[in-house]
Each structure stands twice: as structure tokens, then as C-alpha cells.
Amino acid sequence: MNLLIFSVLSLLVSTSYANIIQSDYCVGDLSLPSSPAGYSCKNPAKVTADDFVFSGLRVAGNIAKPFKSGASTAFAPQFPGLNGMGISIARADLEVGGVVPIHTHRVSELIIVVEGTIISGFIDTNNTAYYKTLTKGDIMIFPPTLLHFQVNVGSTPVLAYASFASENPGIQIVDTALFQSSLPSELIEKVALLDDAQIKKLKKMFGGTN
Amino acid sequence: MNLLIFSVLSLLVSTSYANIIQSDYCVGDLSLPSSPAGYSCKNPAKVTADDFVFSGLRVAGNIAKPFKSGASTAFAPQFPGLNGMGISIARADLEVGGVVPIHTHRVSELIIVVEGTIISGFIDTNNTAYYKTLTKGDIMIFPPTLLHFQVNVGSTPVLAYASFASENPGIQIVDTALFQSSLPSELIEKVALLDDAQIKKLKKMFGGTN
Amino acid sequence: MNLLIFSVLSLLVSTSYANIIQSDYCVGDLSLPSSPAGYSCKNPAKVTADDFVFSGLRVAGNIAKPFKSGASTAFAPQFPGLNGMGISIARADLEVGGVVPIHTHRVSELIIVVEGTIISGFIDTNNTAYYKTLTKGDIMIFPPTLLHFQVNVGSTPVLAYASFASENPGIQIVDTALFQSSLPSELIEKVALLDDAQIKKLKKMFGGTN
Amino acid sequence: MNLLIFSVLSLLVSTSYANIIQSDYCVGDLSLPSSPAGYSCKNPAKVTADDFVFSGLRVAGNIAKPFKSGASTAFAPQFPGLNGMGISIARADLEVGGVVPIHTHRVSELIIVVEGTIISGFIDTNNTAYYKTLTKGDIMIFPPTLLHFQVNVGSTPVLAYASFASENPGIQIVDTALFQSSLPSELIEKVALLDDAQIKKLKKMFGGTN
Amino acid sequence: MNLLIFSVLSLLVSTSYANIIQSDYCVGDLSLPSSPAGYSCKNPAKVTADDFVFSGLRVAGNIAKPFKSGASTAFAPQFPGLNGMGISIARADLEVGGVVPIHTHRVSELIIVVEGTIISGFIDTNNTAYYKTLTKGDIMIFPPTLLHFQVNVGSTPVLAYASFASENPGIQIVDTALFQSSLPSELIEKVALLDDAQIKKLKKMFGGTN
Amino acid sequence: MNLLIFSVLSLLVSTSYANIIQSDYCVGDLSLPSSPAGYSCKNPAKVTADDFVFSGLRVAGNIAKPFKSGASTAFAPQFPGLNGMGISIARADLEVGGVVPIHTHRVSELIIVVEGTIISGFIDTNNTAYYKTLTKGDIMIFPPTLLHFQVNVGSTPVLAYASFASENPGIQIVDTALFQSSLPSELIEKVALLDDAQIKKLKKMFGGTN
């Protein structure tokens, strides 16, 4: 019975995958296991032009209250056509007074301002802060993995697009990492030297326990 | 005298480079030789926030007549802060009826439409063409090195941004490669099977000799 | 029942793959899904010396009539032992008067002439053409993704071997991409500025529709 | 005169570098400019076994008071033999009650405990915290770029070695990035949602201005 | 029936993998096929802190008699949390008079001496040998793929840790490759110019046939 | 004076390099320092088609007596046009009874037999030997860094071409590494378990001292 099931599956799979040799792209199939290289490839026979197009950035992402900004990502999980492509993009909308909170990614980010005015900056490992005021059409590069942020300093909402040198750049926001995770307060006090009152206040804001 | 000059130079260079250890970034210094990894690094002591910002995409690039479109690139040569960052961006403006002619890059490209409507597509190595109509906010991915193009099919100009998975993606346009280079017409006839009349016409348009 | 099937399959698979830890190579198993890194690995217990040897290049590939040349490829799909190896090879046979039509690959190519005489060249992104006459024993390097070609300029057939810096370098031939795909003629006119008559003639030759 | 100087320099340099072809290693020469690939190579004729050995980790690094721990790094700047090698190591000494404060690197880190007991952990981009108590001989892997930390929870000092998947992994400590840099307090309040009192207190501790 | 099994499996798999989008890490699942990028990812829903910790190096590996040393490896097969991480570590114990026999890896190795005194060295492709005496706290770098070794020259056992720039660096020991494999003696004589008596003696020691 | 010299040099260099932006290729300039990425780029203004062509493999390399074979390499040092290209090639000529002695490279190698018959094989890290008889037109892949060899088993000379997945793959021959370097005999005895008589004999053959 085992041998039968296995043979049947091999046959099914082989019928699907072996006939079309495709290495120009590898549209992600999220129903199969991944590897460090990304998702397994969707059956090339079922790939159409729609796999290479994504319309999710036509609208703003949900606004997160503490920050008064929203990020809508077109990373490989949302847009599987990016699988293996080494690039992705996100849309950032900042309300008046809104910020993109200080955070990191695994790779470089290149931001372009479409509407509005922001202060945009990063901090390097020598603890030097680099920040500038950017307006429509300006771009800024953030080196990989360094802490960076944006602040809307204008009187109108900001729209910006951020491109990343990976289809899965990751986003690690310091506030949610510390105050939304279950990392115990005593540990946070020790490793970030924050006061207990500060930690409690932010855990309450972000929903962290412990 | 030789030893003196050499020592002097080493001293000058060492004073400049050895004191500040910086590997978070490597802003390109275009006055020094490059390597396959990119430009040599600008002296970190002279790096400021301005090195990470670029305003050249605030305005459209020059419109190229045959195509009625212009591309303004923020690649490492124009924006040396991108050196080693693995990402870059270009601005594409298409007049009504304009096109981005069929071309390739070394790496993937991710395009986002800011204004207007285009047909955007690529051809894979199985000679399958994938193309879609894109409108404001839509994005499309072009796998590395495959021929692709855009056509303005709307009644208004198009503005789009294209991000690339390299700070030096290169742009090879088929028409200028064949008809602006000095590749002899007899060779083009043989390797592209184009008629001599067609070749002459396009060489005249693009300025190619031979 | 679900749990039973799944457990059975896991058992089958685990019996096959987990016992032998093999990372020196990963011979491709074309019956399983791929990923951006290539094919899944064939069960190491079933790998023999034959998996690392390929005899398909003993004979010339089929001659394609318009070009009077044939390419026989030993890429990962034909020779799964190359999976993950970062290298591959093809054999090119050019009849008298034959050409390898202008085309690109994702990676560099290094060609060596075994018999005959060719003009071999490429065009860079500055639209400069580099070409030389090569004879037996000569080699030429084509940088990644740039358009290149060969022409048999001797009175005897040409045999050459081309190595590639990838096991799946891809081959995109301009003529088949434009004229064998289903890309509509109106689009080709616009993005390549070719005359309709030229397009129709070549579509007829290569079998493209639209 | 220009031509003379340039020729002289070329001659000097060529005498130094061209004679010995060495690509097995590239010991860093910190007096010359770098590139994204690392330092220029030291003249191979002057390389000895000493270039591949480093004794700096025989002793503990200086203890940083707020954290009661010291990190002594053997990265490419300290140990130029690591240039281009893709690996480096640091020594961490934690006094009783000491911590390695929460921080990131560009690449993965693998820590091994030689003496003592620590709680060691990281937070992923889903805001999940993973932490364990480690004792002598235990190792833990931290994925690239994710926030991580260690706390000495024993009654004796801790000695640990941390290896990194790069010769220049970088270390970005949240506290020094925010409170030692010149990033203005108003910006920190906005992008980290920290209270002004907390910011002032930590800026005072770490020496940040503004 | 086929369709049923396949759908069932897809459902099982999709329930497992699609819900949690995880690209910070990819803990190896050794029961599934691998690819050149490593193992398939374990279901993220089942990952815990234990997946990132390994205690196997608390004790010495088995001592191999001819060499009087033991290597205990924490590579991806033993420690699947290293999958995709680009780093690994091994523990080497050398008895008095013991050696780590001459061998290679695919990537660089960085060794640190914890106890004892060794002579440690490598040979480059110019056939230059670099070796030094190392004692507690000293580190040495071995460039990728070059032959290297260690010899305990002290009067006490040696403990050292070796880090590698890959989670699967491989270990190829010259003696076992030549004398434990089934490579026929006549071939070894020809390609290594060793005497038949020497080959027979070592084959007997290591168990090689032919 | 310093400032004058430095400015003059900058001017010279900038005149040379900054005007032509070239990233399609980076022909090596062996008179300048290298980096882990390879050679510095030759001034693009001085690059011609000749930089991409190499004729050195038209003739066989010198025959090395012990092995009765010769290898002629077209690596980056001999053919600087390969700088940054990720590929190279060598020509191997084996006299009757000749061998390519057992050796390694940093990357994979793909060999093709042009004339003659060989036994060709490699050993993996599980100490399994894979070898086959190859004849004209056959190809074999050797995974990176694994020991491999060829033996001429025919009655005629062998000509083969070997391609490598790097422009600087390195060649480490076990015999010359052990017996041509200055590695002391006592160390070789310990780390390779070879008899002193065997070592002395081979040191005499290869010119090693100590």
C-alpha cells in the first residue's frame, strides 16, 4: 500500500513538474514546504501573466494607531511572483504627525517620496545618526540592517514607496519586538536598561505580556 | 625620489582611510579605480547624510525622440551612496504614445505605476510572452535578463518608478545595441536575420555606422 | 485516514532521505518541485558515478534551418548532476555560412573553438561592439546578459564548446523571443521600431502568431 | 611632471603586486582604500604565517560599566587576515549580573559558552521571543539581523565566544544607537515612543547630546 | 483515488505551512528532500527555542585511534537550526600526541584554542606552508579549501573550537579519502605517486579495499 | 608638496576612470592592488576586443615529468578579461600513461574530453569514490573542493578542456602541497601518517626541503 501511494504521488508530481523546464522564474507555491532559497516553484504549466502582477499597493495599508502610519507590503508571501527575484516593495502612508517607527530589515532599503515631506534617517554602528528632510521625488538609501525611521513633518499625509534588496526583507520594529513579544520585563530592563515603568507603559500599548 | 613619493602617498592615504573603520556602507569614490565589487569607498571621515540622499529623480529625464519616453537613472554612478547596496531605482516618463523600448537588465526589475496606464510585459526563454495592462498603484516583476517593455496605452502621460536588484543593473536596449553600435550591417543581417533595408533605416535613426 | 497517509508518506520519505547525509552534491530529481536554488536532491543512496557523467555532447544537436547551426546543451535539465554546481556547457555546431544568432544568457559565457573559424562578438550597454576572428584553440568571454553572436566565416564547419557560470544559464534569442512568441505585431512595432513587413516576414519564418 | 609621477607610481605598485599571483587569500591592507568586498590585499610577498594568527582574544575586552560586560572583537579591522574570509569571532566576558545588551548584526551569530551560565535569546519579526538557559558547552544560533541578548544568570563570570558569518558583521546596540548618537530627543520620542524622561536619563548614561 | 490522495496531502501540507509566514529562519526538516540551498523548512508552527540551541558539544567526540583525536560536529545535520544560517562549529579534542590529520573544507575555518598548545598550519596553492604554535586564546584562519592540520605539541590534551563559514562545510581528510574509499590501489599509485607498500599499509589501517 | 602630489594624482586618476562609466565588465589591471573581489578594473577607455580574447590555449602547456601531463590555465592572471566573470578554463594534455594528479579546486569543475580516453573520478566526504571511463565528447562534473584526478588509459595522448565556476579556481595538488612545500617531514608523518621513507622519496622528486 505504501509503495502504491508513493508511486501514485510521484506520478502525479512528475506529471506536473517534469514536463516544463522553467528556470527563468519560480513563482512561489505557498502550499508546499520552503527552503532557505524561498518557496517551492508553482507548476510552470499553471503560470500566467497574473503571477507577475500585483495590485495590492493600489490602496493604503491599515493605519497602526500608535504610529499613525500604515505599511502595505508586497513581499514574496503576498506576491509569490517575487519568489527568487531578490527584490520587493512596500507602500508607506503616514498621516499628519505620523511616523514609521524605528526598525531594521535584513537588506538595504531605498525609499522614494511620492507625496509630502518627511525627516528620514538611519544610525550606523559607530552610533552616528544621518538624517535629512526629503520631499517629493527625493530618494534615500538605508544600508542593510541599520536602524532607520521616517517622520511626517509636513501638514499633509505622506505617501512613499520603499524597495528592498530581497523578496523577504523582514521588518523588525524595536517597539513591537520589545513590547509585543513575551520577553519578560525583567529581561528587557537588563538588556535595554529601560525603566520598569516605561516597559509596563509600552507593553500595555502594544499588548506584550510578562 | 620614487620612495619619497610612494611614502608620501601612503601617508596621505593612510591618514585618510585607516583611522575610521567603516563597513556599514561604502559610498563610492568615482575618482579611484573600481573592482568587480564596485567603486572604492569614499573616505568615511568625509561622509555626510547628503551621501545617502539623491534628488535627481524630482524631474523627468530627457525625452528620447524615437521612443517618446525618458529614463532618469539613480544607479551607483549617479548616486554613489548606492555603492555596494544591491539596489537602485529609475524614473520612467512616457509621453502619450510613448514606449520604453524592448530591453534587458542584469537583474530583476520591479516597476510601479504612479500615473497613467501601460501595457507592460516580458518574454521568457521558452518564447512565451507575458503582458498585462497596469494602472496606478500596480506593480510588475521582470525576471533577471529577460526582454521586457512598456507601452503607454492611455491618453495621459505615464510616470513609473522601476527598482532594480543591483546598484548597477545595466540597460541594454535592443535597438541601440544593434543600430547605434558600429556592428557592421552584414553581421546584423546574419545574426538577426533582419533585412538590409530595415537595418539601414534604423541605423539612420539611431546613428549607427557601418 | 489523512493522518495515516501523511504518516506513511513521511515514513517513506524519511527512510529515503534522512539516513544519508550528503551535501557534497545534490543530483537533481526532476520529478519533485524545484525552488530558486534548483531541483530537489535525488536520494543520495541511489546516486552512482553515472550521475556525474554525460555523453549527450558526443553528437551535434539538431541544425536549426534559419541559422544553419545547432546547439546541444548540457544544462541541469539534461544533466541533473549539475544541479547546484554553478556551471554548465553546450556544444555549438555551425555549418558553412551558419551563425549562432544574437542572444543573451543570465551569466557569463566562455567559448572555445575546437574546429573552424568564426567571428565572435558582443555589444555592451554603451552600445560598443567588440568582435574578433577566432580560430582553433582561441577562447572568448562574454560578460553576463550582454547580446552576443558567432558567425562561421570559414569554409569548413565549426565546432565550439561554450561554458556558462550557472547550471541553468538560459538562452534568449532575440529572433525567437520577438517572432516565435505570441507578442502581437503592433506591440513589436512600437517597442522595437521594426516595420510591419519585417515583423510579418520573420513571424512567418519562426512561427509566431498575432 | 604629471606623467612622470603617475608612471613612477605605477612602476612602484606593479613591482609590488604583479609578480606574485595570489588568490587563496587577501590579507587586508588598511592603509589603502576599501571596496564593498573589503580591504585591498596586502602585498603577497610580505605575507607570513603571522598574518593568519591573532592573539588579541587571549585577554578580556574592557568592561563597559552600564552592562558589566566586555566584548573583544577579532573582525577584519583588528585581524586583517580575515579579509574576504567570510567569518570572524568575538570574545564576550560578562561579570556577575552582567549582560550583553540587546543588539543586532548583519549576519548570523553562533555563540558557545565556555564558562558560566546565561540566558540567551532573540526576537523574530513575528515578535516571538526565543530564549534558553545555556551552560558550558552549549551553543545557540541567532538568525541574521534579529535583536538578541545574553544575561549572566549565574554566580560566576561568564566567558563565551561568538562566531559570525562575515569578517565584518557589525554590532548595533539599541541603547548606544539611540542614546549615544546625536539623534534629537524629539525624534527618538516619536519613532520609539519613549518618554522624554527615559530618553534624557539614558542619554546622560551614554553620552548622547540633543 | 489519485486526485483524492493528492488533494488530501495538499490540504495537510497547506494547513501546515501556509498559515505562518516565516523567513527569519528555516529550521531543517531532515525527513523531507533537500535542495542545493539546504533542507526544507520545518513547520514554523512547531519551532521552539530548543531548535536554536544545541548541547552536543558539551562532551568530546569519539577519539579516532590512528589520529588520537576526536571531532564532534555541530553542522546542519546534527543541529538543524543552522539550516540556511551560513555558519557552524565543531569541537576538536586532541590527546597528548594527537593530531587533526591534514584535510580540507569547502569554506574558511576559524579555530580558537581553549586548552593546550598546538602547531596549526595550512598550505596554499603556491605550495607555501604557513604554520604557527598556538596556545590558549589564540585563533587562526584557514582560507577556504586549502589543506590544513593541527598537532598537539604540549604535554596536556588540547581542546579547540573551529567555526566554519557554512552550515555544511564538509570535511575531506586525505588519508580516509585515499585509503578508506574503494579507490583501487593502482589508481592511487598513479595519481598520488605513492608506493604500493605505503598504500597497502594505510588501506589496512583505514579499511579501504581494492 | 604632499597636497600637490595627491591632487595631481587624483586628477590623473579621475581623468582616467570617472569619465567612462562601465560596469558590464572589469578587465583586470594587474599593476594595481586587488581585493577579495578580484583585480582593480583596467581603464575602460583602453579596453578593446582583444581584452576579451585569449589564444594561450592554442598550444599545450609544459609537460610536468612525474605526471606526464601539462595544464595550461586561462585564469584571471593569464587572461584578465575574466576578472569578475565567474568562469575560467584550462587545457589538459596527458601523454600516454600520463595523469592529472589528485588535486582540488575552490569551485566545481566541468571537464570535456576532446581526444583520447581517460578514467576520471572524485572522492566525496563520505569517502566514496566515483569514477568512470570517458571518451571523446564525454563530460564529467566534479563538485567543489573534492579531490579528483584523471588517468590516460588509452594508447594515444589525451586532450581535455576543464571549465571552472570561478575566474580564480585555484589548483591544490596533494603531492606538491606536501612534498614541494617546506612543511617539515616530521609534521607530514604525523598529519598524513606517511612513512618517513615515502616522504623523503617524494620530497626528493618534488624539491621539498625539511
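Think of it as A, B, C, D, E and F in the order they're written, each chain with its own count starting at 1.
Everything below uses one rule, namely that contacts are C-beta pairs under 8 Å (C-beta built on N, C-alpha and C of every residue); 3 or more make two chains touch, one makes a residue touch a chain.
Quick caveat: nothing in here was measured; it's all calculated off a predicted structure.
The chains that touch chain A as well as chain D are B, E. Ranked by distance of CA centroids from chain C, the top chain is D. By residue number, over half of the touching pairs seen at B-C are also found at A-D, the match among D-E, A-D or A-E. Between the chain pairs B-D and C-F, more C-beta pairs are in contact across C-F. Looking at which positions face the partner, chain D and chain E present mostly the same ones, since more than half of the interface numbers are shared.
As a whole-number value, the distance joining the C-alpha centres of chain B and chain F reads 35 Å. Chain centres here are Cα means. That of chain A falls 43 Å from that of chain F. Among all residues of chain D, those that touch two or more other chains are 5, 9, 24, 32, 34-37, 121, 124-125, 131, 144, 146, 170.
If touching chains are joined by edges, the resulting network of the protein chains shown has some other shape, matching none of path, cycle, star or complete graph. Shown are all chain pairs that touch, namely A-B, A-C, A-D, A-E, B-C, B-D, B-F, C-E, C-F, D-E, D-F, E-F.
By the touch criterion stated above, chain B contacts chain D in their complex at residues 1-2, 5-6, 9-10, 13-14, 17-18, 21, 23-24, 26, 29, 32, 34-41, 83-84.
Taken together, the chain B residues at the contact with chain A in this complex read 20, 22, 24-25, 48-50, 52-55, 57-59, 74, 79, 81-82, 85-89, 107-110, 112, 114, 121-122, 124-126, 130-132, 134, 136-144, 146, 161, 163-165.
Residues of chain F that touch chain D in their complex: 5, 8-9, 11-12, 30-37, 76-77, 168, 170. Chain D meets chain A in the complex at residues 66-67, 99-102, 104-106, 119, 121, 123-125, 127-129, 131, 144-147, 149, 151, 170-172, 174-178, 180-183, 187, 190-195, 198, 201-202, 205.
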